[in-house]
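In structure tokens below, several structures.
First chain A sits with chain B, and in the next complex the same chain sits with chain C.
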Partner chain A sequence: MTRTLPLDRPAATTTLEVEDLVVEVLTENGWATVVDGVSFSLGRGETLGIVGESGSGKSVTCLAIAGLMPPRQTRVRAGTLRLLGQDLTALDQRQMADIRGPRIAMIFQEPMSSLNPAFTVGDQIAEVLRRHEGLSRKASKARAIELLDRVGVPNPARRFGQYPFEFSGGMRQRVMIAIALACTPDIIIADEPTTALDVTVQAQILELLRAIQREHGMSVIFITHDLGVVADVCDRVLVMYAGQIVEGALLDELFEDPQHPYMEGLLMAMPRMDQVSEALVSIPGHPPQVGAMPAGCRFHPRCSYTREQCTHGDAPALEQVGPTHTTRCLRHPELTLRGTT
Partner chain B sequence: MIETEPLLDVRDLQVTFSPRKKMFRERVSLRAVDGVSFQLYPGETVGLVGESGCGKSTTARGLMRLVEPSGGSVTLAGRELLGLPANKMRKARKDIQMVFQDPYSSLDPSMLVLDSIAEPIDVHLDLDRAQTVERVGALLQRVGLPAEYMYRYPHEFSGGQRQRITIARAIAADPKILVLDEAVSALDVSTQNQVIGLLEDLSRDADLTYLFIAHDLSVVRHISDRVAVMYLGQIVEHGDVDRVFDAPAHPYTEALLSAVPLPSPKVQRSRERIVLAGDPPDPSKVPPGCRFHTRCKYAMDVCRTVVPLPTPTIGSGEVTCHLHTSGPQLAGASVRELTTPHAAVVG
Partner chain C sequence: MLRFLLLRVLTTIPVLVLVTFVVFGLVLLIPGDPAVTIAGPDATVEQVAAIRERLGLDRSLLVQYWDWVTSAMSGDLGTSLYTSRAVATSIGDALPVSIALAGAALLVSLVIAVPTAIVSALRRGTWIDRVATLGSSLGIALPSFWLGLVFVLVFSLTLGWLPATGYVPFATDPAAWVTHLILPALTLGIAGAAESTRQLRGSIIGVLQQDYVRTARAKGLRGRMVVGKHVMKNASVPLVTVLGLQITALLGGAVLVEQVFGVPGLGQVAIAAVTTRDIPVIQGIVLVAVLVAVVCNLLVDLVYGYLNPKVRPR
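Our next item is the complex of A and B:
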């Protein structure tokens, strides 16, 4: 897997371009912004990690890209949202439904709630193939069994006719991957796909995703809070906090040379299994509530490097600090932050 | 080794379930816990790890008698718990309390925090109402929350705060042992670290002993003094936490540790990964011989037929694996010796 992808890629190899994505949700107190001006591009064959605590907007960003935010309670705006050159903002609900599956597929944390308990696993894979690829009943069944085999489900022909409850958590997640893979999409969005699994099963699923990506050259957006998983699978990483990207970098430079205090805090808070650690460090306080963003830098109430200049005005801009590295921190030139080795 | 008497001594614990199989078919009994023995010494934290379904939670529930064990013995400060009548068992629970993973379902949503925390006080301590209220206030402060929170309901709190409340309730009657079953697993890393810090303070100040059950091995390494690794209802390896993590003696421990991705891209790329094939076998169909042989990359002929016995490991603890007694004869050394001949062995 290549790990030297530049941050801004020439158009020919860019799968997805997102510019100034804004998502608002309707709360008791009116519209509140939960994703605030997110911009990034995703290269062909690239695995982009999005990390952050719960509520940072990482899942909402991806749901909005896939057109899966409920229309009445949410508003999605984007300057640019282009998939292989095609403008997604111009599409209506029905056209977006045609995009999901063949072009963008999603894998969620809870395979049990993504699979319909009343239909056999095989039916649910075959349905995607009939709906999007126009395959016949017979052809879709044969292809579904092939897919089950590819994702490592033993006895695929027998398992085709079984129901989700007859599968273990890891096997269900393999089924979800088979469904995502059914139409060989351009992008797979994986939202905490291994969080509910045992580490041994997680290792199998991550290996499977890697192999599939190598085979088909598809792009992957990988949402997780586990920095170990990020280090294992991603080429490049975006760090989100309170609805904004606060840092973006290639994998190694982010871990070795973080440029935002929030990322340093996340790295320092991870207990290391391979090391004896004294006291565990944590980032004090909690992320801000939706609709109650602090002035200035949104992280300033929890940041140990806060100065007067961080506490008022607009949020700092996302600045380029290296050819492939950006940060949203006013004090980055004067700070030396700790990374992992 | 610690020289004192164990506070809790679990010997050959068995928990058997008899699930209803399909109609007109024979009922198959399933040994979820099959001969588990370990000791908790005063003031120490013992970690219990393994994949889901390995029996670690059932071990905890069995020794608390929340499920009734079918055999073995559990002695708490010299007193046998198995077979105690219900009223005496309720009294014995003063000394051993449990904290579960989900603070949302372990607090009654219709009860004030005060009344939830007061329950164990009412059962175990002879206090009047004013003393109880005062004690609840002190307990809340002890877990890092304002005393006034006792007049609120659970829904008013975050996950981390709720877990602090359930810890306050667990320590309300001054127990000696806390059994923590995935107690920090549902929390964000920052909140998790704060709750772990609280648990460490409590064990130091209140001389608490912990059985810490978790699937997150990084957290287990941090908090535990000793660790036991379970597979299919049995402990396959135990020892001091650094020995087990740095020089695992059982191939299952080695595989489990290698599956945890480390938050360092360089280290992660250079590690050897052992991907265990398949899911753990069904506990109703335990393989003959060594239970792990179906997934073990070192499996020998003897492993398929003969049940291995525990042998001492170099450093501390025991391992139950034929590699140490027959074949390559590791004799208690780390299983990593087989792949990296010059691996450091903790002496």
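Our next item is the complex of A and C:
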């Protein structure tokens, strides 16, 4: 897999452009911003990781891109949201529904609850084909069986007619992948697809996703909080904290030379086989609550490098620290953060 | 599936046996001796004894029970003590009327409840939802006989659109059958509609928050498909439970409505039988009511199996 994709690429190879994405949700105290000015681009065939703790806005970012945020309780704004040159912000609900499936597909975290218990898995795959490709019942069934076979479900013709409760977690996630793959989308958004699975099954699912991506040259956005998974599958990584991107870099750059104290903290908190004796270091404190963001750098209350300048004013801007590396830390020129090799 | 059906039917047998005991025994608890009632106030002790003997009331209870059960199984529910008509014939005349009324009421209830619940759940918290909730509270609270009188006043007497009372068999005149059923069915169906709306609204709201609904949206399915297929099949389970209870309640609740609209259903027969202590008729009606309840429960179980593949036998 190539690891040398530049951050700014010619338009022809850019699948998705997101600029200044803002998502607000309605809370008891009014509108609160949960995703604040997220910008990134996704290249064709690229796997982009988005990492962060729960509540950092990584899932919301992706749901918003796919137009899946509930309309009345949430507001989504974006400077630019472009899929292969097509402006998604101009589309209404119906047109967005046409995009989901053939252009953007999603795989969710909970394979146990993400499939409808009342319909056969085969029907749940076939209905995507009937909806978007206008296939007949018979043709969609044949294609669905092929898809089940492709994602490694044994005995696909028989499994087609079975219900989700007859499948194990790993097998259900394969079914979810088959659903996502059905119309060969340009982008697959995988939202913690392996978090709920056993470690051995995790590896199989990751391998399957990689193989499918290679076959079809799809772009993948991989949301996770597991840096091990990131290291395994991603070309480039965005780190999110409290609704903002705080660092973005190619995989190796990020791990070897983190430029934001939060990323350093995540790396230090990662268990490692080669450093058995060293105790794990966790990041002290908790991420801020929605609607109660600290002034200045949003990470400053938990940061061990905080100085007076970090604690007031607006959040620092995302700065370019290398051709493919950005960070949102005021002190990055003076800090030398620890990475891994 | 066939095995499931058979098994399910077999398990109803003990229930039925128990019910026949209760039905037979209940009559013993009713104060008053039918022989005395038939013989009239001036009868002598000998006359009463003769009537008792003629009716078989002097035999042992077990013999009376066995006699009754075996006849009932062959379709002979005895003869009315008053009209001397076969009980099976009276019930046979009234049952189709009651079933038509209950069926129409159920239809009314569903036609009102399903769309209201869907709109209410999808527009939760808006004025539409609040109006629907208020309406269903009213529907549950208003007594059916009052509602029936209001309907007669408005639609029959004032507007003259529909007949106020009476019943025309379907075979005689299908159009008149429909027009005569509308008001009683509406009256009877509204309470059920209100109850079903509440139940269904709640379960739709619950299902809308499920991950698989998000999956359905993520597939790009149209809103109609997401709600009509993925949400409704799961949200219908509690509704089916409520409907199963309602069907049996409809037969019972029909007593008042049948009176108000002069519909010659089972309720009318029951009232007449109870006021005259016409034991064979009472027994026949209760038995039929229980059979209807058992069949309804069986249907509910079958629908559960369709809605929830997990409870299907394999």
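One rule holds in what follows: the second predicted complex is superposed on the first by the 336 of 341 C-alpha atoms of A that agree within 3 Å, B and C clash if a C-alpha of one lies under 4 Å from a C-alpha of the other, contacts with A are read in each partner's own complex, and residues count from 1 in each chain.
The rule we apply is simple: a residue touches a chain if its C-beta (ideal position, glycine included) is under 8 Å from a C-beta of that chain, and two chains touch if they have at least 3 such contacts.
Since we're looking at a predicted model, the values are computed, not measured.
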Which of chain B and chain C A:H286 touches, first, second, both or neither: first
Contacts of A:P102 with chain B and chain C, given as first, second, both or neither: second
First, second, both or neither for A:A231, with chain B first and chain C second: first
Partner chain(s) touched by A:S54 [first = chain B, second = chain C, both, neither]: first
First, second, both or neither for A:T340, with chain B first and chain C second: first
Larger contact residue set on chain A - chain B or chain C: B
First, second, both or neither for A:A157, with chain B first and chain C second: neither
Residues of chain A that touch chain B when the two form their complex: 53-54, 154, 168-171, 198-204, 206-207, 225-232, 251-252, 255-256, 265-267, 269-274, 276-277, 279-283, 286, 340-341
Residue ranges of chain C in contact with chain A within the complex: 210-212, 214-223, 225, 229-230, 233-234, 307-310
Of chain B, residues touching chain A in the complex: 51-52, 158, 188-194, 196-197, 215, 217-219, 221-222, 242, 245, 255-268, 273, 275-279
Partner chain C, residues of chain A touching it in the complex: 66, 68, 93-94, 97-102, 105-106, 108, 110, 113-119, 127-128, 131-132, 163, 165, 176, 179
